[in-house]
Amino acid sequence: MKDKLSKLYLYLVFIFLYAPIIILMIYSFNESKYRVWTGFSLKWYIELFHNRQIMDALYNTIFVAVIASILSTIIGTAAAIGIDGLKKWQKSTVMNVTMLPVLNPDIVTGISLMLLFYIGKLPTGRFTLILAHMSFCIPYVILSVMPKLKQVNAGTYEAALDLGATPALATVKVTLPEIMPGVINGLLMAFTLSIDDFIVSYFTTGPGVENLSILIYNAAKKGVSPSINALSALMFAVILVLLIIINARTNKNAAKA
Amino acid sequence: MSNAIIKLENISKSFGEEDILENFSVEIARHEFVTILGPSGCGKTTTLRLIGGFELPDSGRILFDGEDITSLPPYKRRLNTVFQKYALFPHMNVFDNVAFGLSIKKVDKKIMKEKVSDVLKLVNLKGFENRNISSLSGGQQQRIAIARALVNEPEVLLLDEPLGALDLKLRQEMQLELKKIQTKLGITFIYVTHDQEEALTMSDEIIVMNDGQIQQKGTPVDIYNEPKNAFVAGFIGESNIIDGIMKKDLLVQFAGQDFVCLDSGFDENELVDVVIRPEDIKFDKENGRIKGTVQSVVFKGVHYEMHIRAENFDWIVHSTAMEPEGSTVFLDLYPNDIHIMRKVAEE
Amino acid sequence: MSNAIIKLENISKSFGEEDILENFSVEIARHEFVTILGPSGCGKTTTLRLIGGFELPDSGRILFDGEDITSLPPYKRRLNTVFQKYALFPHMNVFDNVAFGLSIKKVDKKIMKEKVSDVLKLVNLKGFENRNISSLSGGQQQRIAIARALVNEPEVLLLDEPLGALDLKLRQEMQLELKKIQTKLGITFIYVTHDQEEALTMSDEIIVMNDGQIQQKGTPVDIYNEPKNAFVAGFIGESNIIDGIMKKDLLVQFAGQDFVCLDSGFDENELVDVVIRPEDIKFDKENGRIKGTVQSVVFKGVHYEMHIRAENFDWIVHSTAMEPEGSTVFLDLYPNDIHIMRKVAEE
Amino acid sequence: GCGGDPKKVVKVYNAAEYIAEGVIEEFEKETGYKVVYSEFASNEDMYTKIKTTSYDVLVPSDYMIDKLVKEDLIQPLNYDNIPNYQYIDETFKSPYYDENDQYSVPYMWSTVGILYDGDKVTDEVDDMSIMWNEKYSGKIFMLDSVRDTMGMTLKKLGFSVNTENDSELAQAKEELLKQRPLILGYVTDEVKDKIISGEGYLGLVYSGEAGKAMEEKDSLKYAIPNNGTIYCVDAMVVPKSAENKDGAEAFINFMQRPDIAARNAQETCYGITNTQGRDQLPDEVKNNKGLYPDNDVLERSEMLQSEGNINQKYLEIWNEITASH
Amino acid sequence: MNRRWYSYPYIVWALIFIVVPLIVVLVYGITVQGPDGSLNISFANFKRFFTPVYLGVLGRSVLYAAISTFICLIIGYPAALILTSKNLKHKSVMMLLIVIPMWMNLLLRTYSWLTLLENEGLINQFLRFIGVIEQDGYIQFLYGKGAVIFGMVYNFLPFMILPIHSVVSKMDYSIIEAAEDLGAGKVNVFRKVIFPLSIPGISSGITMVFVPAITTFAISSILSGNNVNLLGNVIEKQFGVGGDWNFGSTMSLILMVMILVSLLFMPDSEKESQGGMML
């Protein structure tokens, strides 16, 4: 009985979280461009693939997210390993600075980075977009790797040195595999933040380089194209399927171990 | 002494305010099984880590085969370590763990396979190559940690309480096995433990440490039978340590009686520690000169342990004969079971 | 039997496919220190958790003072548990940890303070009231866990390997202290361990378990001296266990010889396990009937441990006299040191 | 005839959804230029952006061009390269922001007006006071745009949309505060959705948005208040930092080719500035009095100006209005 | 042995991409722009902020963020607990289901609520259909502070559930058994053990919800029809139509200082635990 009640509660929470997403998916099949239902149609899905602007934005979004999240993961992971070896006060200082972009309003981050690029005479474009995304992704990677680093057995690193591995080799062959779950979590988080970001992107990108969020925000006032809804529905479905596959696989691996 | 493979010369080491080792010197002889024994926090691990290269001394030198290695990084030292908590690589299987050192040295695949297989045979884990680390029991993991070190054929093997986490039965088995391996391969073992029995069982030589200082260095029999001071005596095996007065050579007074002993060279009437092993005390109804009352009796399997109150001292007595709680008993001692020790200034 | 405070009647318990306990029955006598001893995974913790109410049996009954408590939740049972890993509340200080049970019962603040202070004195931690849990050493944490249980004045205290995580020296001290507390308060202790020495040292009664079944129940002396089967003999203390044939009552053949023994009631020529303690084997150059070669000698402090190969059997012998490695020796046995046991069907 | 360097790029920065489909591709095909096309959500966003980024063509609104001229951020055009300038309606020449027609070529224009559902609103819609009519309480939307909503209110009161007179501004504020209980909210172009779905009956909108909404639902109508409105011209300019002025001028010229101008106007529903192009529009569009009001209406109307601190002043009042909720 | 130098590239990075931009904001925040575009140190903008209008906005933002944080806690706490319960199957899938909504564009999700919540929206239509309300009646969900708080709760609920879940699921179960053993029933176990031990997760969750709630402007803009003006909206307007970056920076600085002060009360361990929240 109590179990049933808690399950019911959980389902209600899920309904709350998914109601608008389901509506969005349903309305991606709406014939009308507006939020009145006029009939079923696949036309937005078809239009989606002919819309050069959306396709370019999709490409930019994914390109920037992939590059920025990978680079962020590399720098952030190395940073986490290094920060772990700092003195207590240094560590605390660095961690406090690291928290700033997490807590800063996006608009402030965006404008201040834009000014930075301007002062640094960096022409804005995909490159600056990637730098900007890295600047808010790296802290999340660090925050994600740090706790894992705490859990790993410090002994294994020394053991590798003892067996003749140089510090660099020991880090790559021993420490890294051990903190991998945290690294992957950080990578996913960076990827998500990058995909979803609008404001920071808006101020740090250059001519002709729009991502999906910019497209959505710019168009928002005029009414978001249902093709974007269609794209979101597609992306959502892909993510869901991927996650279920990954989850099933990790479960299988866990069962094996 | 050319037989010393490792020499620590006047090593000092402190962490922050705390001095762990001060002017510490010791020599470790080649091919020996040397145990560093001491209570928790006395600096055993620190000593081992200095030898392994995981810590740098504040001052002093470390010599390996006569060569100064004080500031050589760990991966360049010709020795290997078995860590207290195994420190196996959890993401690798048994083979990859053991082969790690060889793969770093880029040893040929075939030779690597052979060596790993040989060393696994040595630690009695033949055929475990593809097993997952987490699927192994504690004892098996410990043996993998040993194999992982041995496969590199180090000249010196450092072992930091390698059996600390195992249960009694397994610990005893592993003690024998380790000793066998050391004898067979002739590698110098530097073995850290705080378990006195373990030290006695395995070592050629024992270094008893306390507070960052060497208390005594010698063979197990020396140390057990001729402890240099009350600390060593108390730490190695259970002991009765009682205040005494050295009346003259070969005569000591304690427990209100004069006893003949084998020690000499003390000042007349010097205050001394008298150390007596619980198993050396005899019950003797007729001639026993120490009269006491049995306070408690505990069955220990091989013997009974009795606490016997006599005047102001609680004697611990081990005996296969049991005297019931509350009964009055008479104890006596043979001269060669009485060990006289100079009092240590502090403590 | 009205003296039984706890009775398990035909308890069965399985996890998934695995049967842990099958038709398990046992009685625990009031005021006794009862130890459940057995190898890892034999079901000790499960038994304790059933008594504590943390698991429900699949079938069978649990009686407390004659009253059925099989399905009573833990917080309604008049007993307390000391958990293996302490399970102290990390967010409370020592006082609040110890006072937890009392505060649940809404005991008056002043009385609570007194009781906590008393029980802290009992475990030798007077004045630790305001200390943070994480600032305590392992031994101190363990004692707080005990105090937290004791302060509720339970009629039965369950202890699950309470000393497992402590080092040897500390473990020995705590054993004595626990025994003292139990004697003083007269509470029934049900104590789980896999350490044989610990069981012998502390218990009034030992229940030896294996594979979810009781192997033997009796006093430490009974169990050590008269093990019922080879499992018990091997598990309690080191033993030589050798195959023998019972020629007739009082005569057994093993190691190629006939030996007089004290056992009878076996079939003629029945195959039996002969169990001999290492310390019961005598060296006897003249009359010794078992001829062997010393394989290894280890100094153990009180005695030497020697492995002696004779025909096809490796004898473990403990003796204060040392025979050098490689020498030929002759061993003999007294009839009362030979223990004959029926072979167990499986294993 | 105007074949530029085939590899050269023209970077265009335009408002969102403000060009007909396929026009850019056609320009690229005809001229060989490659267009890098970006969109902005508001003039202010664009202004922020261009301080650090170089574009070749911008399409800001009137008041923003005024600001860009004053801050010396845009450059004079070579009208010889823009022959289609000849088709620009005289009404849009010599505006206040570019009195000498040096810097800009008008793109499209719009008015602010009232979009309403003729089936629901029975009263005649010819005045801003309908937006204060309690009969339609809970069915009215105003614009989430400080200057437009304030401006239309000032207009209702008979003041200039660019007034800096404190007492006039205070009256407008009072008027808006009075209106707050009647309205559902201040929204931008999503008002289309709201009126189409019946969520609201009346909404203040830009004419182009009204045009698009009316295409969706027949009962929708658009009206411009009798005492005038705000009208707005978006024009094409070339910033000082442009790297390809020739390409920029080619693009501007192309956008004012009559057929192209007509296509843009028809698709976006905004007002055309090209006389020849207007002729090519379908009748129902070019004769729509809402989208193409008579000149007298325009004469009573004003463009927004952003002299000095005026935006700050209006925003402060806006904050006071919204703070009352 | 020390690998601290692995952090040096990042430290350089952080100086350039975190510290320098913040200095830029600081410089703008404590200056005003002269007519010629020059920056002059002045605290006029601080004075301007500390007037009833802006303090009102600040107060309202803090209040709404606090209310929605509290509601997130009330809704999220039980959910987090249920997600750790022994009897629940497919726990990791459930956790993913909590995370996934965050992978969709916030704006799209929020607009999507309009379809449901408008006066003529699906929910009102449904209520009319089942006769709960009259044919042309409606319940007004949107256009007010309720809608804003609703939107905040909706968007930030996962940020509350995840850290609490991660703390509670790491909790040693034997501690709960120990409490039961000492006589604590369900209520006392919760009150005296589970709840106090989950406080680090709660405070982490509170930060993760409160901070974005206090800086949001899209949610309030869409769901209240701009009826509710929050600090995020006011800052955004200064960088936009207001064009006064200095005042915008001043407000950002004030906001940041508020957040940083609250950060000082958060132990380091918690800052680090926030990273583990995602999966």
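The first chain written gets the first letter, and so on, giving A, B, C, D and E; residue counts start at 1 in each chain.
As a working rule, contacts are C-beta pairs under 8 Å (C-beta built on N, C-alpha and C of every residue); 3 or more make two chains touch, one makes a residue touch a chain.
Just so you know, these numbers come straight off a predicted model, no measurement behind them.
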{"item": "Smallest number of contact steps required from chain C to reach chain D", "value": "2"}
{"item": "Graph distance between chain D and chain E, where chains that touch are linked", "value": "1"}
{"item": "Remotest chain, chain B as reference, centres from CA atoms", "value": "D"}
{"item": "Comparison of A-B and A-E by number of C-beta pairs in contact, larger one", "value": "A-E"}
{"item": "Centre-to-centre distance between chain C and chain A (centres being mean Cα positions), rounded to whole Å", "value": "55"}
{"item": "For chain B paired with chain D, centre-to-centre distance based on mean C-alpha positions, whole Å", "value": "89"}
{"item": "Chain centre separation in whole Å, for chain D relative to chain A (CA means)", "value": "36"}
{"item": "For chain A, residues contacting two or more additional chains", "value": "35, 111, 115, 158, 161, 167, 217, 220"}
{"item": "Overlap residues in chain C, where contacts from two or more other chains coincide", "value": "none"}
{"item": "Chain E residues counted as touching two or more neighbouring chains", "value": "1, 114, 239"}
{"item": "Touch list for chain A against partner chain E, complex", "value": "3, 6-7, 9-10, 13-14, 16-21, 23-24, 27, 35, 75-76, 78-86, 91-92, 94-109, 111-113, 115-116, 119, 131, 134-135, 138, 140, 142-148, 150, 158, 161, 167, 171, 182, 185-186, 188-189, 192, 195-196, 198, 212-213, 216-217, 220, 224, 228-229, 232, 235-236, 239-240, 243-244, 247, 250-251"}
{"item": "Touch list for chain A against partner chain B, complex", "value": "153, 155-156, 158-167, 169-170, 173-174, 177-178, 180, 257"}
{"item": "Residue ranges of chain C in contact with chain E within the complex", "value": "52-54, 73-75, 80-81, 83-85, 87-91, 100-101, 103-105, 148-149, 152"}
{"item": "Residues of chain E defined as touching chain C within the complex", "value": "172, 174-175, 177-185, 188, 192-193, 196-197, 199"}
{"item": "Of all residues in chain D, those that touch chain E in their complex", "value": "42, 44-45, 47-48, 138, 141, 144-147, 184-187, 193-194, 197-199, 311-312, 315-316, 318-320, 322-323, 325"}
